[in-house]
Amino acid sequence: MMARLLRINPVYLVLLVLLIAIAIQSPHFLQPTGYMNFLKRAAPIAILAVGQLYVITSGGFDLSTGSVVTLTVIGSSILLGQNPDATWMVITAMLAGGVVIGVVNALVVAYLRVPSIIATLGMMITLGGIALTWSGGSPRGYLPDTYRFFGRVLIKDLPVIKILPVALIVMVVVCGLLWLLMHRTNYGKLLHAVGDNPKSAHFAGVPYVQVRVVAFVVSSVTAVIAGILLGGFAGVSTSVGTGLELQAITAAVIGGAQLLGGRGAVGSTVAGALVLQAIFTLLNMLGFPKPIRDVVQGVILISAVALATYRRRKTGS
Amino acid sequence: MNGRIARFAPVLLLLAAFAIYIGIALATDQSQYLTFDNLLGLLGRSIALGITAVGQTFAILIASIDLSVANLISVAAVLASYIMSGDPSMMLPAVVAVLLVGAVVGLVNGLIITQLEVNPLIATLGMALILQGLLSASFTNFAGEVPKEFQTFAYGEVGGVSVSLVFLVILTGAAWAFLKFTRMGSNIYSVGGNADAAKLAGVRTARVVILAHVICSLCASVAGLYLASRLRSGAPWIGRDGVYDLESIAVVVIGGTVLAGGRGGVWGTLVGVMIFSLIDSIFNIAGVDAFAKQILRGVIIVAAVAVYAARSKRIEA
Amino acid sequence: AQNYDDPVEFAKQEAMLADTPNGSADTPWLQHYGTDMVDTSAYAQDGAATICFSNAGVNNPWRVVGWETMQAEVDLQGDRIAEFIVTDAEGSDDKQISDIDDLLAGGKCDVLIVSPNTTSALTPAVEKAAEMLPVVIFDRGVNTDAPVTFIKPIGGYGFGIQSGRFIAENAPAGGKVLMLRILPGVDVLETRYTSATHVLEDAGMEIVGVEFTDGDRAKTKSIVEDYLQRFGTLDAVWLDAGATSVAAIEAFEDAGMDVPIVTGEDQQDFLQKWQELGLTTIAPTYPTYQWRTPIIAALSILDGESIPGPEWNLPQPAITADNLADFVNPAMPPLHYAACGCEGMPNYPERWGGK
Amino acid sequence: MAAPVFELNGITKEFPGIKALDDVTFDCQAGEVHALVGENGAGKSTLIKVLSGVYLPDAGAVLLDGTARRFTHPLQSLAAGISVIYQEFSLLPDRTVAQNIFLGRELSKWGMLDHARMQNETNRVLAMFGDRHRFDADTQVSDLAVGEQQMVEIAKAISLDAQVIVMDEPTAALNDHESELLFDVVDQLRNQGRSVVYITHRMHEIRRLADRVTVLKDGQIAASFDHVPEPDVIIHAMVGRALDDFYPEAAKDDETGEPVITVQGGDNAKLHDINLKLRAGEITGFAGIQGAGRTALALALFGVEPFRDGTVTMSSVPALFASPRQAVRAGVVMLPGDRKSEGLSLMQSVRDNGMLSARAFSRMTGSPRSSEHASIADMDKSFQDLDIRAANLDVEIQSLSGGNQQKAIVARWLALNPKVLIFVEPTRGIDVNTKASIYARMRSLARGGAAVMVISSDLPEVLGVSDRIMVMRDGRIVAEMDRGATEAEVMAAATGEDLRGAAA
């Protein structure tokens, strides 16, 4: 009995408890605007966390995603500032840029054999520099409404739920696709194998470089999508992406991803992102200042991993 | 053979950086930068980084890592200047208190890693958030001031060489001797090389890990004291703004200590610090603008690590 | 620790706001309050000058605009400047101290301009430099009178007084005000907050919350959304800086509400939104034209001319509905600071990212 | 009989879901070599770990010189005079031989490490092997070949001057020459009055060394002998039946077909002038001493460290592969010698490990349940054919014993119908019963038209399974022999000396 309870991923339980706590604190949360706002804000971090999960499952870390978010917002606004009608082209260009960044990350890791923390840290610093150079250090151009649609618009006057943020639809679609890729395709299995033991995967004929490339590309592309949502939500700024990579890693870890590879689930990672967002919301409601939020994030980060280790030992898996 | 190249790679990198430095100074007709004083000054630029990196070397040698050093530096600096508050008689209590806090932070890091079996990256990242949160909740600005006497640490000179530089060299020498000639030092290499083997051979691995983290945190605290002395006071952001966490890791790796643990040493780290200082100075005399600098720095970190990593046949995570 | 709630300084800045500065209103970067001057004849020298500048960093849009303005000023001075040597500390005190050492060691500087990253940390380095050559400080100060002069606008208290008073006078009496701050601990921001708080409290406004936004637009918008959910409506949002004002305004828009007073600064995106929506609001400034003044001061010092000092207080105008149109310029980037005094400078507007 | 040096009385140890030891009693006397044998997963290693304090038993007692002891850490048993060479290597690759041997008990003088004395001590211990080893105290371990590393492990255990020395399959990685060195050392230990517990799967080692034999089966004592019985008696006790056809029958004349893969003038850093044909239906064995280049040849064919020069063809199509993936695609597969680090995804299920290659060569977006090469159902059937024993096929493969893990890798390759199978040390750490089934499997693969290449340091195995034997020395193929060659002939070719006289 105890063993079976331990086997259920506790993240879902924690999420439930937190949501109840929020609802008690602020009954308004139970109304559509309450929970929809919550989901809208969680969407970018959930998407980022699932992307990060791919890299974590493959055995690495991607620290560059925060700066990809920034670069997406800055780059889009500069390009759209010159040509406001080019929304779709700019989005395509940004996604293509995400693919390139992911490929470069993966190739540096796979061929130059630089540990992924260092490789993506270098990418983070470099992209930050590129964003600054490109913009001259300050936002340029602007984001037209067609671009901001995804992050900003609420579909109104719906039955039952009344409003539905477009960002939520984006999140469901992106996370759904990535769930399929991770859990219902050969690729997902190969990804786990590569993260578990790259050498044995290599010897088994797994195209481990390609598998890694896809993981890093997924991560960068989710960062671009998160950037589009965040830019859409609040507009251009040079600091949108700061610290997001750590939040994404935290969310994945809360969801039970195995650091250094081999295990990971999309569903619980999304739940992990919602838990993180719920904790932040709750702290805000209770009037805790930002520093305390940091403390709490630190504590849950450590306890999530400690708990996962403990469970693994207990269940013997 | 490979081992020998690896051994001298940091020195080769240093010579390369040095050649570029001289080349640029001559090419831009700024030979005033080539005086002996100026070259000593080069190292003097990075005392805080150097002290921190010597500590970080211990963490990395045992196959761990410490991302909490930057925030600990802030804590140490603020605490020191707060306790001293300009009163010379409070210098000793302040230093003792700061070192004590450092030791406790290292101890807690080590305990989380060994007893709760939390991945060191996550454990120290969590610690970083906790320290920063607690500090920012208590102090929002420069707190107190260090007395004139205490500034000798940063600004004093002995025989024409700055006290702090002498201190850094002595610290490095002591760390080297500790690693080379004591049983504990030997254990640090063993635990980093293969913790299971060390454990079977009767090494109390947990103690070794904890000790390495205590040393790492103590060094960070000393770096905090140095910064308090240099800046006359401590503020909650100085560690973070100096990016001492990531930079200390980068210089350790560039200095030839492998992230996987068990191989490397503190002299290499010092060479890594010199390479970083040189790069900074090259940027300064070449007049590279701040944004381009950032791009180059990211590329250089990755490239330098790749120099070591590409030779290894291992498939890296 | 510093005192951010200093009644003497508050009164001094309040008085300056009411006062008329000396000099021509067409060149506000040359204007100054009061009559204190410093004699610089000891520094007089012939020939073109080598000016050294230790910059704290260009890590926010305000500094970006200022830095471009300063370089334009250098260009404008032409042959009078032989060389302009710059170091950028990237926001690190430690690095800026080293930078100043490097500049002094280079031995080429005739005069040193410092924009300190933080006040107390840079004091020893500046003191040391001032023993060797004339030093000009601007923006944030240092705790010493060793520099020849310290150039700054009126100050944070003045800023808070301007925006606080506007809310007190234009919002419903006793109305709900949300105060949004970027982050704690920055002196110019702290004083804006304390002075505005005094003004608002004295006027009997209800401050329903004080929140930190980290200067992040998404966070700003979320916070305002949450307050709207909690309180139904707000009568004013006071911000200590204008970079996220538009995000605050959007929170009202997206909730389908009328936008109340949301204070800002002279960033173009805010000014344009203001004009577009016809808002009732005010934009105090911390003018970027102050980046022109140090170059001019440095050259004057080397010419031996007296300059305002040891404190050179520049005017700090607020943009109001009356003069809004003078500042709006859609050709400029969203976070361009309109009070840059740069319209007549070489390469305007491209240099500042305009088109 | 004298009092035993140590006794294990009624030891029981359970792991989640498995009773690894069930009321096991075992002892050893001074000056005695006690062999412990049993199938994979019988519980041998677990028993040793109970003795040394890695595990605490759930029931039963550990007695040393008649007093009950409770070891909770290997260090405690070590201090009490029990030294263990574990099955898994536990060396530090970046440290020297001396540093490894003194790991955890470094000598010091005035609080400083005494590097010189440790060096001397190490050389003294290494002298027990005679002077026929190629390394000394300050060689870095990563520069040693696998067999030499195993010798360092042994030296480490001996250097402790322990009363009880336990060797868990010490010869698994050793070639015959090195094994002989080890046997000498064991003899010396016995003569010094030490107690040796010797775990092995090789019958001739038992005959050569043991004084007593205990057989474990399914965690229980199956038989215990105070003498060394005939191998079939031991085997019978281990597997519960006699092994009639231990080695497979030879290929029939009409079974040997055309060459599947042909190498001409193959050359790289470790290999020279390799000319080789592997034929369909034939098992080709490769013999040689450690470092002769057999593994290097396997890695070259499999695309890990390809030939730089020369040609490789498969039915006249070029087949010089640059990566394992290319090799596998063309039908050349390898079963690596080091299963844990090169063969398995330890955290994944048995099924996923079996399906790995089938999936790797199917569409990435395809369903993992039925790839183009195998469905889950096919794989389950394959597992059944191979008689893989696991609680269920969804458990992580790391919970399986070595033999069952090896079979899962065989199943992995079978799904791809390979043309050439390269077995590297296929039965390292695998029990007799499983060995026989793996040999039989090799033959049936050959009968199915595949070329089988076997690299093994177990010479009888090479002689027993191969239709043709290639002998390598210094990166060259120096001899080719037919089935029926003797050990002496092969060793002569492998060492370049004529040992026939000496062997008599």
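We just call them A, B, C and D in the order they show up, numbering each chain from 1.
Here is the rule we go by: a residue touches a chain if its C-beta (ideal position, glycine included) is under 8 Å from a C-beta of that chain, and two chains touch if they have at least 3 such contacts.
Keep in mind that what you see is a predicted model, and the values were worked out from it rather than measured.
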Maximum inter-chain contact count - chain pair: A-B
Centre-to-centre distance between subunit D and subunit C (centres being mean Cα positions), rounded to whole Å: 74
Geometric centre distance via CA averages, subunit C-subunit A, whole Å: 36
Centre-of-Cα separation between subunit D and subunit B, whole angstrom: 44
Junction residues of subunit B, two or more chains touched: 136, 290-291, 293-294
Where subunit D touches two or more other chains at once, by residue number: none
Contacts with two or more other chains, residues of subunit C listed in rising order: 58
Which chain pairs touch, all of them: A-B, A-C, A-D, B-C, B-D
Residues on subunit C engaged by subunit B in the complex (per definition of touch): 1-2, 57-58, 86-88, 90-95, 97-99, 101-102, 105-108, 118-121, 123-124, 184-187, 190
Residues of subunit A defined as touching subunit B within the complex: 59-61, 108-109, 111-119, 121-130, 132-133, 137, 195, 198-199, 202, 208, 246, 249, 253, 259-261, 289-299, 301-302, 305-306, 309-310
Residue ranges of subunit B touching subunit D (in the complex, touch as defined): 3, 180-183, 185-187, 189-190, 193-194, 196-203, 262-263
Complex contacts: residues of subunit B adjacent to subunit C: 30, 32-33, 37-38, 41, 44-45, 48, 136, 139-145, 151, 155, 227, 230-233, 235-238, 241-242, 280-281, 284, 287, 289-291, 293-294
Touching residues (chain side subunit A, partner subunit D) in the complex: 181, 184-190, 192-193, 196-197, 199-207, 214, 258, 262-263, 315-317
